[in-house]
Amino acid sequence: MIAIQTADVDIGALMTAAKKPGTGAVIVFDGVVRDDGITEMELEAYEEVAVKELEKIADDATRQFGLLHIDIIHRIGRFPVGETILIIVVSAGHRKEAYAGSRFIIEAIKAGVPIWKKELTKDGGRWVPGDHGHGTGHR
Amino acid sequence: MIAIQTADVDIGALMTAAKKPGTGAVIVFDGVVRDDGITEMELEAYEEVAVKELEKIADDATRQFGLLHIDIIHRIGRFPVGETILIIVVSAGHRKEAYAGSRFIIEAIKAGVPIWKKELTKDGGRWVPGDHGHGTGHR
Amino acid sequence: MTVKIRFFARFRELLGTDIVTDVAAGTMFTHLILTIAQKNSAGYAAIFDENGTFHEFVILMQNGRRIEIADAAKTQVADGDEIAVFPPVAGG
Amino acid sequence: MTVKIRFFARFRELLGTDIVTDVAAGTMFTHLILTIAQKNSAGYAAIFDENGTFHEFVILMQNGRRIEIADAAKTQVADGDEIAVFPPVAGG
């Protein structure tokens, strides 16, 4: 499942569904709003394009690392500290591919998917600076 | 929580509890009985020593990677294909430390914790060969 | 003909988004955005330098496909196009 | 005096485990395990080579602490000891 959504994610259900035949390792990455002296985090996406980019990243990861299953759910909206903003679930036959595939996906998301984050503080807010010169990964 | 146990694990509850102040990334490793033409996997541990080794590994990982929380639950008993046999949950401020810490823990478990696995087939069984020359990591 | 312009993040806060506008046939991408951005000087400065060239970090899309800054001045927009202009991404 | 011997995995299948046995004062680690292992030739062969030396991959513990094979022949066991002998670990 690849999605940009506001709703929270049932990680247990995703992990159960990720155990395709041949699975030996499942890795979950749970990205969380970190308490950097902020009140909330606001996330915005260019949804149609972001979903396509996430699908492309999942295809690339499947091919490169022989993954058996991938979920990427990126949340948008406004969330307090501690809340999940991104879940990546991957399964593979062996741990090496699972770790490498999971890491590949998060780095690709950070480099090239049109999603933005604003840290809200009691004095206002600040857009998290992106990675200049990269832009969307798939041109 | 560090444990050797027969019972299954509530991963959702562990992940919620892992979100200590400062957490930005949680990584879950879920090790699963892989279908290598087997019927079941049987796991055995030298429990008292294994728990101490896991605690030592968790301390090492906390120190080396600045982890904020660690759970390691290794199951023993007899399990069908697809069943969880090991759960590692780590949280850190940033993804890099979380991935590295998680990987460190699984490699240390494989190298040095007194746990053994037997693959059961319809014709009998076969002990999974360990890593000769390593033995328990902490002498 | 009409096109829709979508700004995101900081650019959206300064200039709005989902701006549907009438344009003349033959209008170029850069010219269109220059015109729209001029309604707010902070928005203009966020996207363009003093020569009216896109800042090098600005990302441009036409119907979900990336347009290079170097090509935008000679890229025509067409009826029904969705044009997107946004700062570097920061998801994950 | 009595000691408890714990074998694990393949060694346990061949020799049993949690073997509580009376030993004379001054008994050495290697000698104790040689004596116990002799009750089953496959168990003996799994742990010792033809010279009665531990196979290099065998792991030895006395009360949860690792004993090197080179030291085991001259390591005395004591009353109440828990002695463990096992093959290379394979958890995870």
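Labels for the chains are A, B, C and D, by order of writing; each one numbers its residues from 1.
As a working rule, a residue touches a chain if its C-beta (ideal position, glycine included) is under 8 Å from a C-beta of that chain, and two chains touch if they have at least 3 such contacts.
From a predicted model like this one, the values you see are computed outputs, not experimental measurements.
Under the touch definition stated at the top, chain B and chain C share these contacting partners: A. Of all chains, the one whose Cα centroid sits at the greatest distance from that of chain B is C. The rotation relating chain A to chain B, fitted on Cα atoms, comes to 180°, given as a multiple of 5.
Mean C-alpha positions place chain A and chain B at a centre distance of 24 Å.
Centre-to-centre, using mean CA coordinates, chain C is 76 Å away from chain D. For the pair chain B and chain D, the distance between C-alpha centroids works out to 27 Å. Distance between chain centres (mean CA atoms), chain A to chain D: 50 Å. Counting partner chains per residue, chain D shows two or more touched chains at no residue at all.
Of all residues in chain A, those touching 2 or more other chains are 31, 106, listed in ascending order.
Put simply, chain D touches chain B in their complex at residues 6, 8-10, 12, 56-57, 59, 61, 64-66, 84, 86-92.
Interface residues of chain B facing chain D in the complex, by the touch rule stated above, are 31, 43-46, 48-50, 52, 74, 86, 106, 109-118, 127-136, 138-139.
Residues 11-12, 15, 19, 21-32, 34-35, 82, 91, 93, 95, 98-99, 102-103, 106 of chain A touch chain B in their complex.
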